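Chain naming follows the written order as A, B and C, and within any one chain the residues start at number 1.
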Amino acid sequence: MEKAKINASQLFVLVVLYEMGSAILVGMGAGAGQDAWISILLGMTAGVLLFFVYYCLFLYYPDLPFTSYIQKITGKWIGRLIAILYIVYFIYGASRILRDFGELLTTTIYTSTPLFVINTLMILTIVYAIHKGFEVIARVGEIYFAVIYILAIGGFSLILFSGLIHFENILPILENGWKPVIKTFLRETFTFPFGEMIVFTMVLPFLNEPKKVKMACIGGILLSGINIAITAVINIASLGTDLFVRSNFPLLTTIGKIQLANFIERLDVLFMLYLVIGGFFKIAIYYYAAVAGAADIFNFKNQRKLGFPIGVLVLFSSVTIASSYAEHIREGLDVVTIYLHWPFQIIIPCMLLILAFFRNRKKKSSPS
Amino acid sequence: MSILSNILKKKQKKRQNDNFRQMQDPGKPDELPIHRDYKDNIARIKEEYGNSTDISYREFKFCGSRGIAVYIDGLASNTLISDFFMETVTEEVREMVTDSFQQMIDFTAGLGNVESITNWNEVHDAILVGNTVFFLDGFQKALSVETKGWEKRAISEPSTQLSIQGPKDSFTETLRTNTAQIRRRIKSPNLWIESMKLGTVTQTDIAIMYIKGIANEKIIGEVKERLNRINIDGVQASGFLEQLFEDQTWTPFPTTHHSERPDVITSHLLEGRIALVVDGTPFVVTVPALFIQFFQAPDDYYARFDISTSIRLLRILAFFIALIGPAAYIAGTTFHQEMIPTTMAIAIAAQRENVPFPAFFEALIMEVTFEILREAGLRLPRAVGQAVSIVGALVIGQAAVQAGFVSPVMVIVVSITAIANFSTPVFTMAIAARLIRFIMMGLATILGFYGIMLGIMFMTIHLCSLRSFGVPYMMPIAPFNIRNQQDVFIRFPIWAMKNRPMFISKGNVVRTGENQKPGPPKQDEDQSSQGDS
Amino acid sequence: MKRYLLLTIYVFFLLPSLTACWNQKELTDLAFVMAIGIDKGKNQKFDVSWQLVNPGNVSSGQTGGGQGLPIAVYKSSGDTITEAARRATKKISRRLYYAHTNLVVISEGVAKTDLLDIVDALDRDPEFRTTTEMVIARGTSAENLVSALTNLDKLPVSKITKEIKSTQNMLGENMSVNVDDFISGIISSGKEPILNGYLLMGKKEQAQKAENLQSTKSDAYLEANGLAIFKNGKLKGWIENNNARGAIWILNKVKSTDINVEWNGKKDAISMASIRTKTKVSVNFKNGKPVIHIRIEDEGWISEANTAIDLTNPKVIEKLDKLVEKEIKRQIVNAVKAAQKKKSDIFGFGERVHRADPKLWNKLKRNWNEQFARLEVNVEVDSYIRREGIRTIPFWSTMNK
């Protein structure tokens, strides 16, 4: 494991950037129509509860990353197998986000540029960051956290002053009852992005004050959840439910509608700025988790050596996982949520926690 | 990059051994004792210095024994020595019969610091720094008398780092004058100066200055260690030193700070930094240097805080313009035409209608032309420099536009970028922006704003990975430290700048006393309210 | 690591050589499409006219600028918009660039039949902006409208878009409607879209010639005129003048306007200019049927008084207030009636009902337009005259003495 040390505020910033990452870009919870924000907030609440599972696991093994304590809990060989599955899951997660990100650029601004090129440049930047280590990623995170907030406040006031917000678009609340909201919550908002906190189990041991893990992570989840919900509300309020549901990237459409003083308009680049920052952190953290996990399992002393090969893997799988954007999204909603997110984010950690509970009780009781 | 460095390392290793021997030869002779016969001594000096013409010898008679004074003409003060012989060594003294060596010490004490030396090493050291060495016949030792007195440049106004409200003096090429200027500003015994010599041939004096109790001991140790590691024939200027002991070579960003202003160095010392004065350069180096430090101009502290804050923000904005100005132009006109307001897009399109080059080459040509002009302007004699700038302005501003080679917008972009670049207070940082600008232009040509953003991302990662003497380069920003924000983007009022920067000064961080906020006297308020009632 | 770095550097230096075919496009290779005119085609479904800007002739300051005509119009046809656009490249040397398109003109013929077939092309393309203004060419072809030259604004497009905005702000008979608004009107079951009509007045054949710009009084000019009402995505008819203003008033888009009232038997004696006005639409339910309440608050000043009247008397002002209220109410009611006659809910009353009672709405949704035609609408106006300009009593009062 790398010898990195980060402080609580850096962890908090990373959690926020990671959770918001791509969630703000895509139409989160579109299945719930104008009640998307409710399902996002539900997702957030469930995400906090889920985090307590990870946190309890962390409390049992505060010095070890996830891939290490799996082996302690379930035994060496089964543990390794699960850990390798997790590494593959992380790599897949990174390449999914990279694909999302590349697709966004190729459908909106770089229409005739190959996806591969866009992704390559992005992954090169991330490889460089991974090469520099986790501390550097955390520091970069602090800078861009401020940048994102300035952007968000600027963008929000522009939307406000252009008179785009019509809050009546959010009404009627719960038109079709709770059913679609709950459905979207279970299928989308719970696992993406809030369940993805599982990645942070790989980096929690880096924190210099383990006591503050709870504060930093839960604070991060809450802040990002509220931000995502606000974004959803703004999108719906300015686009209307219908356009919100029909848009690939509702935020882009909202920003495209900004028209101020006949001069400030067509601000897609502002959106792209956010996109690069958000995408960067989300991919970087997934990717870092994969690298750290692989180094841990295969006993690499210098995990920098793993950075480039895994980066290439992420790059190629990002291009090959789906043949079209529609397929990519369909996979994400139907296959990934049920067969990947649920088991990896929720079921396995819960089972591990139960096992760890019994194991540690035995340990405690045996010497006495 | 690392490939290059590896190659360099290998070559260095190969050469190191033979080089080292060569360097050793002229610099350090043996530690042989001084001859008893003074004529042998002269012969030896003449042999070793190859009859160099700037070495002066004065034979004299003192207390009955003959002797000779050796010094370097120009380094030692001629008048001082002449006066000594004219006034002190009178007829009477010459014939005195006593212990002539002890007598000599007493007499020469009037000249300056006197030292008795016994071997040749010391003889050379003394002569080369401008001291006079007195050999007396029949003694196996000699006297080194401090008679330094070479021509010095007077203290003048700073020429590169100007300030409006600040003090007007600057460092000179003489180490002692420089340390004295700092000492005069910090009248505290805690200002410690340690000296060492660098350069196997040049034997350049270097002074390490810091305030004991404020500066971080760890960093002082690190500085000394790095200085001791340096093994090179000569250190001509502080720039050499900076390159020899900085943390990372493969970066365009400076990780050491230098200034020719004593007030700047003083404030750096007060913040706990370590200053290095190199003899022969009017620039004093301070470490550790942080990114934001290069945007802090001395005037920031002399003007009121609201004004200096806004000017500092302006400076940071200018840095960004200098960084991505032309790149943004390229991206805007070749990728993101939708971003430009319609009328402006049409105006730019009209201007570019007859320009034969694609935007990237147009920008590149103009930028390179400007850089050449700037470089030429620096090197040319002052009288010609004017002419060049006029020609340059005419060529760029007028003829090129009229001939239709470049569009007027491009000229505007290039000039704004150039002017913005000049507003960075420290040259080493400004030049980094100049270099990165070209990379940004390339990225903008490949992928427009996406390219630029990735470039900035790359740059940020790089900046965050840098360290200056163990202190993270982006220090109060990343890692973020709320207590140290008083001198970053916003310069707090002086009374509110309570803390010294973290990591740089350990332990002793509080600068100001309690309740420093100025205001009208409180008693008056009471009185006036009483008067009203 | 070395090898990877080498590879990275290699890839990086290789990239610029590949970029030529990507999204890079020099400004000089672009033809800025300022307006698109869509007509019914003879052989194919659509005839599309592309109004391109000629940059050198628009921007002043350049040597030789401003000599020729600011725009050029090309025409191509196709069964879809994309087909027409691609075919146009046979006639145009540069790449058509839509990001600065500010206007889409649709002929009445297309609006009555195939309007829906062009909307998705506008909506889907990432380059084309959905904030683009949409208008209907009235009584002339879209091509003629797109090719007309104007003399105050060099770009005819900015004349039209600015004109609509200034009318909306000063008179309130037209309002800015962009592609987005239009689409959301089409989709919504509780709202129908409206579009502005545009007329080409004067000698139509003169409109596209440079001479049109040479005289102070243009032989042909463009004029905003009327609001087009749609139903099921097809043009159903027009509402004009005061009715149009009433409609826009209900939509709460009127910023300022003028109202004339009768005083002492003299028609249009007093003119009030509104400076602030606000419309609130609410829904009540009576016997399970929705009833719409429109409440308008209006403030203004007297901009003209062409009769003897004591404007210093608050009672007179109060009386005037009542008269103005009555007049506004009349206009609003007429507008509602006009729309009900066409059975097209351009005011979005349906959406109000939807928000107020989603369950009832599910029942009404299917034939809402029929319901709309029989909807009970109450109008309530509160108007206040706040001041009367820089004269108190008009000269009429003293003249008659």
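Quick note on the criterion: a residue touches a chain if its C-beta (ideal position, glycine included) is under 8 Å from a C-beta of that chain, and two chains touch if they have at least 3 such contacts.
None of these values were measured; they are calculated from a predicted model.
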For this assembly, give the contact graph shape among line, ring, star, complete and other.
-> complete
Chain nearest the overall C-alpha centroid of the shown protein atoms = A
List the centre-to-centre spacing of subunit A and subunit C in whole Å, with centres computed as mean CA coordinates.
-> 42
Subunit A to subunit B, mean C-alpha position gap in Å, rounds to 46
Quick one: report the Å distance separating subunit B from subunit C, using the average Cα coordinate of each chain.
-> 65
Per-residue overlap in subunit A, given as positions that touch at least 2 other chains = 109-110, 113, 117, 121, 265-266
Residue numbers in subunit C touching 2 or more other chains?
-> 1, 15, 22-23, 99, 127, 129
Per-residue overlap in subunit B, given as positions that touch at least 2 other chains | 335, 338, 447-448
In their complex, what parts of subunit C are in touch with subunit A?
-> 1, 4, 8, 11-12, 15, 18, 21-23, 99, 126-127, 129-131, 180, 183-184, 187-188, 354-355, 358
Can you name the residues of subunit B that touch subunit A in the complex?
-> 335-336, 338-339, 341, 447-451, 453-454, 457-458, 460-462, 464-465, 472, 474, 477-480
Within the complex, subunit B is touched by subunit A residues 7, 9-10, 105, 109-110, 113, 117-118, 121-122, 125, 128-129, 132-133, 136-144, 262-263, 265-269, 272-273, 276-277, 280
Report the residues of subunit A in contact with subunit C in the complex, numbered from low to high.
-> 107-114, 117, 120-121, 124, 127, 168, 171-172, 175, 240, 242-243, 253, 256-257, 259, 265-266, 304-305, 308
Where on subunit B is subunit C touching in the complex?
-> 1-3, 6, 333-335, 337-338, 342-343, 345-353, 355, 358-359, 442, 445-448
